[in-house]
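Quick notes on the structure that follows.
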């Protein structure tokens, strides 16, 4: 029992460390990526012993700065809620990772270790529950600040969450219908099959429309451009207007964490999670009949790498979108959510149901 | 001599004046004669005697040129560099004296022998270029006559009071005109006997015994006698302005502050026929009911003042002045008041202010002097020559006088001809004489040169070119010709004259002599001089000529007295009539004629 | 105001779909991204140095040339004897819209100069760099041509420049250590700058 | 009464009036430098040129007596041209150093030049060099280059002070103003030459380089330096305290009042105002919590002070022994305050009240300076607060020392100066309550039980009556410094605490009450007093304005 606990702790620690570091790394990526897009150089200072590492230490400096900055709590703010809100945000963004499998089970001696922090049957529900709860942090921050702009930001966030949560949920129904499970580990495993012997049976192929709806709505969930209306730096600043120091940093962090969560989810749901095409537990089984047996640890490593690369590609994509698209107007946001994504998702479910009925449980 | 030792003499001087402050100039003269200069102690002493603050004494001392505030040499050599003298070589003379004495104007020789000063017109233009050694006029000293100049310098370095080698000047006196100059040639004619022998004082006797003041004024009016100081205001009319019903005392003031460059006629009357002036004064005083007359003589006229004083003393002795003159019951006192070197005091109100012991500031008119003049009392100010005409009128009748001249101006005038003529000097002629005739009478242009221009009435008058001189010399004709008769100083310029340098000389004179009261004149004269001076230094621009005309125009008619106008007229006339020459000078940076810097003694200016 | 109605272009179906348009956008940004990524990498390896990958100027190592009329930090110009040209006319203090200039004039030993500043402070924290002070100065005594752009300090007090600093733009030290040639050597104020805002009682009426 | 036309409008003026006066009367301002209504006409600046029909030349308006039917144009092209020409001449040798000139901003040369000037100067020559920064006397600096030789100052010293210190030396453009070398411009009115100087040639040494005039605000007040009550404008600066080392009053200028001071102000009054900003009492000082009531070492609030004082006074009243209260008022207080003191202390409490304090007479002359240095002695007399109607201060002090008075309030008067420190110290020990209220720190204040800071006279409204019986408003210039309060406010609050029916809220209302109560002031109000004041009804022609005009 203690062993299991230890193993879980190690896995949880690994996820925690990876995700947080990735989030930190994101600040650098965002700087550099935007710089490259805009023909700039981007962060290239903050040397440590003369090394600048392409400006990578700026993130470190940022963190140090945020920790040492004066923490301001507005006079009329609700002190407790104001303090709790950022922790809420970060916490729910982090715990969402618990249910995401990031690799195939690892055989260590005779012990099988799931590369997933928590094996939950209805993991999908859990993840979305956590993501939905994240909005509480935003709302609390907005209300506790006692600042009109903050409240406005909080309200916008709430409305946006509700509008897009529905689209996400419905878009995923198709996935669930196709794979018949809500356990993410199962879902990933199911995507390991081949469709017609050649094409991996990934969600993207099974549910292309669902994917688009999901990605769009999930982006909205992250409150990043082009859906950053709750923040809206150029108009209302948003729910964290009254935050400074590390509390602000936590909202900032949440932003990146959510990006990673969404990227991970998209990978898991639509791109086969840790699956590598044609790679099974026994090795590569190419459709043309070729075979390449691999050790279990290679298999696991390849799985983790696959998951990571897919996730990073999504992160990159989201970032690229953020530096490409301008912000939506609020009415456009609502139109898109309610009049665009929602009906499309519903139609997608119906069409999926029909297709499944016709195929008659071929999966 | 100590100041305390002068108190008695100061007392005598103070007694001459109605108000103590009026004794300012004589007292300062007294101090300077005895101490060589006016020291701060002396200023305090004078201020105390007069009941005037020491500041005001210093004001007066600093205003007049002839007072020294610092110790000076035992002798003073004043070299005139005004236009008439410069036309005949005053610059060369000054240069010789400077190089010989090794001092600049304003400085004193190290041994305190002599102080050299450069002065504006000493009104002895007939002996130009000339100088004044202490109280004596000496001249002429053409620069080429080196020996005469050396002699003058030796005299200057000798002890005062000793024998001097420089001869008395011998001015050319050809004039024996009908009215004023009949007695000039006779060196003994200044004595009372000689004057009475020539019929003098008969007019005065007639007036005192048989005429009323109104009749006298009537007679003078009928003679068309104009004020010959320069303004040309009918003398009789002026006299008639004196309020007859006023109980206040009335004053007659004779303006002998001759200062206009090119004019020297009054000096001849004062020196050679003082009794004519006294008789005229007696008649005039009778006509206006005055019992006190002042003669304001410019400070540089030492000998004329002495001659007049001698005549006055004689007249007192013979009962022609003082109480109950010749038993007629009429009283008249005459006081000579010395000026101290300020051209502006020739203006009648400035003369009155100066006479009252102030700086020579012209007064605002109204009120006019005939209503409120000297000491606030009705006052008539007349020029020496004007008054000297009066005996003739009363003796021979107004008609005789008036028919000599033109319809609007009777009689003759003493014309002072100077500059580039063969025989500079005083010429009496009827006022109807033309300018060309005058120049010819004076021998014409010297050295056979061609005539270039003539100033008909003293330096202030607008210049006339050689083509314009066929004009009668009375006031109205000259005004018609665009100039003025002024003081009768005719300055002749030949073709070698540089008009720019002539204007510089005039401008310097006016800048130097402006009293500084009214702003247009104070600043304008200095401004004009600086521009013209800059042109003579070769740094002129064509814009300067327009500026000069504009400044001159702006100065005109905006001041208390006509000094500013007088300063503006030469500028306007020289530039408009000789613009080509000015432009050529500016273009070349120097005169196209002769340059002063060259040692060219034959062609001064 | 005239109102001009601009007809919006009706979106085509493909445009309404968003997705192709988004992809177009992504194409543009991605082109830049990958091109620059390639070039930067090449530059790191010392290749293709002549092909620029960015428009960035690396301030402070690289600086763009300043326009001659650029308004940088102020300085007080000097006479030949190293005393300030300023005559203390206070026109700059008068014209300053930010009221950042504080001048206390004093009597200069040379009567032809008459006035000179005992004190001349500019509070850069308040300055709006409008340059009016330079425009208005009748003596050309103040200029904004030092080219000093990096104006940062750790306190508001440190943003206040006194006359010593304004005369020698490098100098920032106590007056007692000052070696600048002053006509007065601060003597008329007993070696101190007088009349500071802090020493002045605030009047209620103002 | 000849009538003339100026700029198309007809006006009738008394005979002998000059055109400049006639124009001024009808509101046409003709520029002037040398002309000053208080001095003789010099006519030398030539700026007041006007065009008169049928006269060939431009005339100076300052010396042109009006004649019947005269038609004057002040703004015609000819007149403006003439003025422009004159201005150009005036500026020819002017150094044009307006930026460093103290007069800049209130300079007639600057103003008229802006109106008529040739902005492109034609004068390109070397200017005449004259002396700058010449110290003429204790109060006046001279800049000969800026001088336009209008001779106003010369005429002022000749005609008004008759001291003749200033003169114009030399002639032509070398002419310069100055005093005789080695002498000073030192007469009791010397600073007036600065006021009348139309340019920056004469400047005040006290004001020199202190501030630019456009920083100054101005308010009307009267001088409290002596019983003449000269009208003046107080110039102050509140928003640039570095300029004047924190003092609010920068300078004062005389304000024209034909019946009091004309255009002039004495130097004593002009420079005697430092006390307004220096060494002021700014906080209420009382016995504090210490049992020792004989010191005022502790800081207190007004509420504590007035509460304690009124309680003591009320006790005395309850015992009906009012005569044991003594009040030494001051002729430096306003009529309103003296009236309140009389109402509260003498009439309501039955105290012995005196405004008659021993004081040595100061300097005086036959012009403006009066020996009585209190601005309101006449007012105190009219309110019967001086002998013989009231006891002298000396008697009150004696009675206090004799133990007949237990409660003493001194308004502003420095007892130590009048009676010696020993006596006052004794007073402090003997008296049950010893209150001092005043503006500035002095030894008496330190010895009183309560030291109340009161506002300076320029910090409150009110009226003074000058020696000649003229009631003048002093006008409020500043708000009281620190914690200090106007005396009338202190008295009104005290009256309220004592339960007296005083229905006045401000000096204006108090004055109306005073006008009702005193026949000398009958019918007056602040409205009728106006800027120039009015004479009290029963003016005794004691000593009139014996000015030399």
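By written order: A, B, C and D. Residues from 1 in each chain.
By definition in this document, a residue touches a chain if its C-beta (ideal position, glycine included) is under 8 Å from a C-beta of that chain, and two chains touch if they have at least 3 such contacts.
The model shown is predicted, which means the values in this text are computed figures rather than measured ones.
If you average the Cα atoms of chain B and of chain C, the two centres end up 70 Å apart. Separating the centre of chain A from that of chain D, both taken as means of CA atoms, is a distance of 81 Å.
Each chain gets one centre point, the mean of its Cα atoms, and the points for chain A and chain B are 114 Å apart. Centres computed as Cα averages put chain B at a distance of 55 Å from chain D. Multi-chain contact residues of chain A (touching two or more other chains) are absent. Taken as a contact graph, the chains are arranged in an open line, each linked only to its neighbours along the path. Contact annotation for chain pairs lists A-C, B-D, C-D, with touch applied as defined. Listed in rising order, the residues of chain C touching chain A in the complex are 19, 22, 25-26, 28-30, 32-33, 36-37, 40, 53-56, 58. The residues of chain B lying in touch with chain D in their complex are 40, 43, 52-56, 58-59, 62-63, 342, 344, 359, 364, 366, 511-520, 522-527, 530-531, 534, 547, 550-551, 553-555, 557-560. Only residues 41-47, 49, 56-58, 60, 63, 65, 82, 85-86, 88-90, 92-93, 122-123, 125-126, 128, 148-149, 163-175, 179-183 of chain D touch chain B when the two sit together in their complex.
Those residues of chain A that touch chain C in the complex are listed here as 33, 35-41, 212, 320-321, 323-325.
Looking at the complex, you find that chain C touches chain D at residues 87-91, 93-94, 102, 104-107, 111-112, 114-115, 119, 138-139, 194-197, 199-206.
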